[in-house]
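Here come two complexes built around chain A, the first alongside chain B, the second alongside chain C.
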Partner chain A sequence: MIINEFLQDLTKIPNMQAIAVYGVNNNLLDSWTVYDSHLQKLNEISLHYFQIFSILHAKGKNFKEVLISHDNGQIYALILPDLLFIILTKLPTDISLIRLIINVSVSEILSSRNVQKLLKKTREKHLNFFDKKYLDESEKELLKKIGI
Partner chain B sequence: MVLVGNLKDLRLANIIQLNCMERNVAKVTVTSHEGTGYLYFADGQIVHAEFSPYMGERAVYEMLALTDGQFKVEAGIQSPAHTIKRPWNSVVLDSLRELDEKSQQSTSLPKRIFSVLSAQKSIKSLQVLDLKGKLLEGKEHEPLDSGVIAFIWFKAKKILTYFFNENFRYIYFRSDDSYLFILEFRSSLLAIKADLNIMTEEFIRHVLKTLRGIE
Partner chain C sequence: MPELVEKIDNNMIFMLNNERSPEEAELLHLEWAVISQLDGQKTVGQIADNLALSQTEVEDIFRKLSMQNLITLVTRGGEDSLVSPEFFKILSHEMTLLLGPVASIILDDVLEMMHSNRENFPIRNLPILIELLAIQIDDPVKQIEFQRNIYPRIRKYLFK
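Then we have the complex of A and B:
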């Protein structure tokens, strides 16, 4: 609903592979993918993104976007107070265009009644992204060193 | 007879020397955070060594590089194999020489990386760390806590390896006033804070080209 209504332009960008929108408790709100298998991957990695943004927030760093670049593409993520966008693209893709499309649509998305309903449900539950069940041994050790 | 201790108190080179000079038939087990290794002695020589995934002289070299860990010497245990043919003192001296050279190289490379990249106009601040997040050059919290950099790098590698089977190139964060890049170079992690007016892909290409020039 969110993508179809507000972010159609994203799906038309060349080399776009997948778009997923999550609420702050890692619940999938909407998605668009070229291949079904991409959605499964996005659902598996979204928690890792929440962990990354949470740790940056805990350290007082105001980073809202993260991009991981690999040999064949990019994974771009943008976080807002109530939403997380994760986008898979092949190379080359203009990230500034993706950023622009999302930023232009944000206020409309957040003021939409349907989205507000979805977000209200999301806010009722609070997830601890650093619960031990979400971390492997190396991550636990690294977090211990950071003091989290 | 069993003798136990810590490598901080008695260096492995000394343990080897002692067992060879005394012509002991013995097994030395070394347990460290990098794994467990075994050395076997007979007739005044090291006859066999294992330190996963290495065997023979390479295993001795890797074990001599350990600076911390527990050791246990057990007398009378025969070696299950004979993988080391050279005299013990040649094996140990060559390993120590190689480790010394490696140590000199590894301490100078981060310094050179820091010095060359810090001079770049578009770079606001820079840290050079080892892959475990230990700060080698730069300030502890600028641009980011070294532990946080290591955690994020680990996460990015995990995402790419587990879910996409892809090789890590770099990661960047964007705030309202800057980019923060994290990339790997040789055995170092680099955290680079750069102006917002850069073109990210061109910037990374330029940084990598500069780094290759340092080698």
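Then we have the complex of A and C:
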């Protein structure tokens, strides 16, 4: 709903592969993928991103953006006060265009009544990605080592 | 199979062909240097400038890399991919509303920093131009206001 209504231009960027929009409590609000088969991959990557952000947050380092190369593409995450975007693209893609489209759309997204309802509905459900069910043994060990 | 490009133009942009590694070919030092510059964003002309290559050298290297299927053409460039000088009048006006009379000077400074000008500005660089200009505005609310006002104008270039 959010992507179709407010972020259509993101889906028109050449080489765009997948977009996920999350609310403040790490709940998925909307997603879009070129191929349905990418949805699972998007969810897995998003989980890893949340874990990275949670570690950075726990260590007092609050990043607003992260860009990582991945196979023949890149994964870009943008954290705003009320929303988090995780975007997968093939190369080449202009990150400044992605950032611009999100910047010009975000106030409209947040003032939409439907989005406000959706945010309210998911507000009480906070997903903690340090929960053991999301971690394998090596991740648990690593978190112990870095004191989280 | 990537398109074989025989006539190399300075406005063209190439990227590495994902299906063939440059390590499979025997490349000279300068050819490796060109390969290392390929990012799907820089033009042939910019790469020639960065590596201080002559026109003949850069054309020969790109032609060879294309014939060996090591690179893929992203865009040919040319006049179709340039922003109309009229756009800069609108952009300058939008900036003047927020920054006052220095707006035009700031715009030209940023264009110069990007090694470009109002008459010869590639469409593909519009998003980064808007971002660099927005940074010049101190107030974050006005930054977004500027981006929102100018986005419909650049949108018609980017998604035509």
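Assume the second predicted complex is superposed on the first by the 141 of 148 C-alpha atoms of A that agree within 3 Å, B and C clash if a C-alpha of one lies under 4 Å from a C-alpha of the other, contacts with A are read in each partner's own complex, and residues count from 1 in each chain.
Just so it is clear, a residue touches a chain if its C-beta (ideal position, glycine included) is under 8 Å from a C-beta of that chain, and two chains touch if they have at least 3 such contacts.
Just so it is clear, the model here is predicted, and its values are computed rather than measured.
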Side-by-side fit of chain B and chain C on chain A, or clash: fit
Contact breadth on chain A, by residue count: chain C or chain B: B
Touching partner for A:Asp94 - first (chain B), second (chain C), both, neither: second
Which of chain B and chain C A:Val104 touches, first, second, both or neither: second
Touching partner for A:Lys12 - first (chain B), second (chain C), both, neither: second
First (chain B), second (chain C), both or neither touched by A:Leu56: first
After superposition on chain A, the shortest CA separation from chain B to chain C (Å): 7
Residues on chain A lying within both footprints (that of chain B and that of chain C): 72, 92
Footprint of chain B on chain A - complex, ascending: 41, 44-45, 48, 51-52, 55-56, 59, 61-73, 75, 92, 95, 138-139, 142-143, 145-147
Of all residues in chain A, those that touch chain C in their complex: 9, 12, 72, 91-92, 94, 96-97, 99-101, 103-104, 107
Interfacial residue positions of chain C with respect to chain A in the complex: 15, 18, 39-41, 74, 124, 127-128, 130-131, 144, 147-148, 151, 155, 158-159
Touching residues on chain B, where the partner in the complex is chain A: 133, 144-145, 147-148, 150-152, 154-156, 158-160, 163-164, 166-176, 180, 200-201, 204
